[in-house]
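What follows is a pair of complexes built around chain A, which joins chain B in one and chain C in the other.
Now for the complex of A and B:
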């Protein structure tokens, strides 16, 4: 049988040539996927595995010494480094504040845009603009905006104050500056999600509530909120994951200062890896962050599944 | 008639042979060489590229192309480091900060040029003509101080390895508004208030110490609408500014100057492994010097309170007419004189940076050298190395150097600085020449970036008033002691 099969295969190849054999329906699918898989492997999977390996070796990218195996030493070092926990705390404060502001602003904007009013489309487009800008432009824009000598914020407040208003001079002010910039950029995203939820609420429910003379709060808590809560959760999770990785805006506006008051964990990893060249230590820290992000992503996927179940 | 064709054929054969020989000979000695150079994107390197394209002719007959990879300053270190450590071997030459020498020599990326310099009389002459401060800071690794090199008394100094040549030597100088400092009314008011002359001429600025500088800061601080020179201040106006930024080395360079002028020290790499960080970095003298630096920040534009007053912000504030006098690098002077970028282009003058007056009345202006050397990388072929050194000789040729100086650059060659024309080529040249003699450099070891970044962070906390100067220096000393012990640089 094996001989016959081989002959058959040879016959097929000689009939249509190599190209026909290659493009046979059973091979076409894998063939089309192969380039994408190769790119994925070279650009993502291999570096991921390589850096994971490095996190167990004593290696610095700016030295030509042979790496030595150190086991979990760098994970231990990272987890006992008080700077790491300090940066995690800073990140948590920024994430918590920023996501909260985004939720409130996004929700209010969505309530506004759920109704029709003149120039609604144009206004909606304008409100969506910030999230279409690059992080770098937003960072530079806010850096200039907060600049105390000729920036707009100080200039405006100077009319009511004796001294120049210097927002970025204190840790609290600098955090507020970053939170405001991030919230300005991403509140429209939350608004979009909530707006999608709001427009999906059947009108007859509101009509029935009106007949029942239900209060505004009753209508919101029993009709509107149940429809948008999964989307809100989705927004919270998505924005939490993204803000957790916040780098560009922080690096441009404050460079992590004053001192290290606004240095997020992403900025800290960057400094460890590309300024201090503590390659192994930064790889270990990056994997710890990856673990946190994976946990958050799973929560996100769970929320998506729940939403799908609700819709169906 | 029969001979002619035969003769022609013979001569044609000879000619063809000669032509082919010529071609092959030319192929052996005249090649197309591309030198890719990593360079920060700013006028001194832009000029080098323009001048190279205009005037460089390879002495070996090569067709040489200088392909400069202009990288923005803020990401320059990271880009160069990423390229070198990735192993892509992209650059044949690199404009480098002197502090990077240790990191990239130890990494095996920068080429030791000592033997090539010794073997080449032209390069030897260049090295002997360079100001010793620049040879010390830009070329030696392990680092040798100027004093060590001068004590050696010969070039090359024994047990010394040389790596770089000056691409652009830079120093701190004072930029000031002559319309304000030479204003009769302002001068009279200043004299009455402080019993000191308001500096106007270059010679006046040679007598300016930190006390005068502080007085200038107080004196010229004016609210919007207050009289200023011949008019009134159209916005809040400030007297002085120097760098106090968290990024890169934007406070360390200024703080080091204060510490050295007071007689304190930073961790001394030439004393490794016995030289300590604790007790030196946070000595009482260093704390006093740092406190002096901090004491003048409240007189500066409010951005100083944010720890973001870097060299570019300082330059910008001056160009926008918000400050009477600043201390900044010579390399940032050219845009100040350009009416397209500066509102004070016709009102600016330059003097030496202030310093600390000692008991004998003399002013100590010790400062931290700026500017950059350029180096060769280790993976170049012999042919490329030879041609890269030809480029070095072309660049450090007095004629090229004078053109560079006339276009806002600087020269490290003593013969060029001694030229009677030199002082008049640009308005800051006299100050640069005077300041160059006072320069020292920060560390060159591979751990420099860790030391620098942590120090910048602690300085930033002190600058923004979160901690005291002493607390900052204590934290810096502790970190440096630990890091350098871990690296085997302190026993």
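Now for the complex of A and C:
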């Protein structure tokens, strides 16, 4: 009490009072959250709303003219643009094949790592490494890997071919190159999820099945698979959404080429926004993409929930 | 039992007829050992189980019961020793080829399959028509009184229903040998009682060889035709329930079998004219007959069943001593009294009505039915008579 009264006497009352008011226990929680919320608002929420607004105005980021309200005109333009649909198709092909490869490879890796063998821990760490690399380094890595003059792929294949092998020169080759890079990076993620499911299967079920004389396939389909089913779905969900937004790897390896063969929807939006400065149009397209992703997410969530109800 | 015949039964006829086909399945386990890392789980177990016998492995946890069962089933490869069934050496035969079924402590029901599919699981393989499977499943489900649950998942069944599903899934295979690994441990007391009766009935009806592991002496005594008492990976004694109860070969079996457990009192043999006497802390006993081992100075454990102690209310002759009641445990029809005498605690069982007279702290004269007393060497625990 003596200290407080001393402060009051020396006139520090208002400063100390505000500090005390601010640090009061009931205000401490909100106070700690405020900086994060501010950053989130300035960096995310405000641009999100602002760009949503821009998609209704005729606005170009490199011109100083006053934007005019255009209504849904840009949405109409985007949806009727053949280029956009082509990019969606490209994206779908890349997403479909990449997620499929990730599922297969991740699943096989998980089956392998579910049993114990020498050097398992070290191998597991190595296998998980790609997932921890940044997109840019993976992109650069594969760009050099596919490089026609000194890249490993072309160098190896040139032993068997007369012509110089250029993987990224054909549309199919370029797509395969991107799918391979993306699958290389993200198969370990699928493996982790599946591994978690495999480890959760009680051992005694396999023993019971052995005594019941079940074949390997029946043991897998009736015991293992039901335990990893929902996790597999979750893996598909995560990977589809992530791959749908694939930008970095594509931009670094092919920049969308040859022509527009590997131009995913994300790369297309980037080009529209920052190379052609069609700001409003790209904002409209970005919102359409957001809508697609939300629909996809809900589809999968619905599926996951239904599975869980089946299990219990 | 009527149509004794070797080979597989074609018709389970569970519950429909009493005369199940007897499958030759006498089992011999010879010199079984198994080590897990630093732990020697089984140190050399020999068992002989007759065809059609209900054989119990009794022992506390870590005695090697489960390891022995798993080795018989083929889930563990023994380090040394042989598993022989019906004259055939199965030691290296894979699990699937042994013609055995096993009921696990956890029941090991397939959680994602319906009850019907769980029952049918062991049957679904090449050469079994689905109509045949349906018929067998329906029959066994009806017999075990869970026909109404066939379309449900095991997780929605009660403990008793899950247990019966596990039993049914084992029986539907018509195994030559049924292994049961503590199947009652996960059930509540009432269900245990019912299921014990169920196992006995099934054994009588099916005439199948059963090897049953349990840590509970009550289960062993009530169901087993013969019991092997296991301790730290070795068989201590094998015999019928009566043999184990009346003639335990050592103090371990004596305390393992019977409830409440036998009182063991340290004693020494005193040379006394005319014959040596056994000197207990609270009593002097003259041995019924004098075994050679009873030399003066020998250190003994005297085993006294709680039922062999009674209040000495009349003047009949016989060894008697004064004891003080320390604790009473009413169990309903009987009461267990903890008596203090000569620094020892002895358990005595009395009918409930009689026990009411003896409250805690009361002193009473106690008579010992000394001809039922067991004598063990104190160092080795071996029985002396």
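Note that the second predicted complex is superposed on the first by the 282 of 312 C-alpha atoms of A that agree within 3 Å, B and C clash if a C-alpha of one lies under 4 Å from a C-alpha of the other, contacts with A are read in each partner's own complex, and residues count from 1 in each chain.
By definition in this document, a contact is a pair of C-beta atoms (placed from the backbone, for glycine too) under 8 Å apart; a residue touches a chain by one contact, two chains touch by 3 or more.
Note that this is a predicted model, so its numbers are computed, not measured.
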First (chain B), second (chain C), both or neither touched by A:64: first
First (chain B), second (chain C), both or neither touched by A:226: second
Touching partner for A:271 - first (chain B), second (chain C), both, neither: first
Touching partner for A:214 - first (chain B), second (chain C), both, neither: second
Which superposed partner A:166 touches (first chain B, second chain C, both, neither): first
Partner chain in contact with A:205 - chain B first, chain C second, else both or neither: second
Broader residue contact with chain A after superposition on the shared chain, chain B or chain C: B
Interface residues, chain A side, partner chain C - complex: 202, 204-205, 207-215, 218, 222-223, 226-227, 311-312
Of all residues in chain C, those that touch chain A in their complex: 73, 75, 95-96, 100-102, 104, 106, 108, 110-113, 117, 121-122, 124-125, 155, 169, 173
Contact set on chain A toward chain B in their complex: 61-64, 147-150, 154, 164, 166, 168-171, 174, 254-261, 271, 274-277
Touching residues on chain B, where the partner in the complex is chain A: 77-78, 81-82, 84-85, 103-104, 106-108, 235-236, 246-247, 301-303, 305-308, 317, 320, 322, 446, 449-450, 453, 457-458, 460-461, 463-467
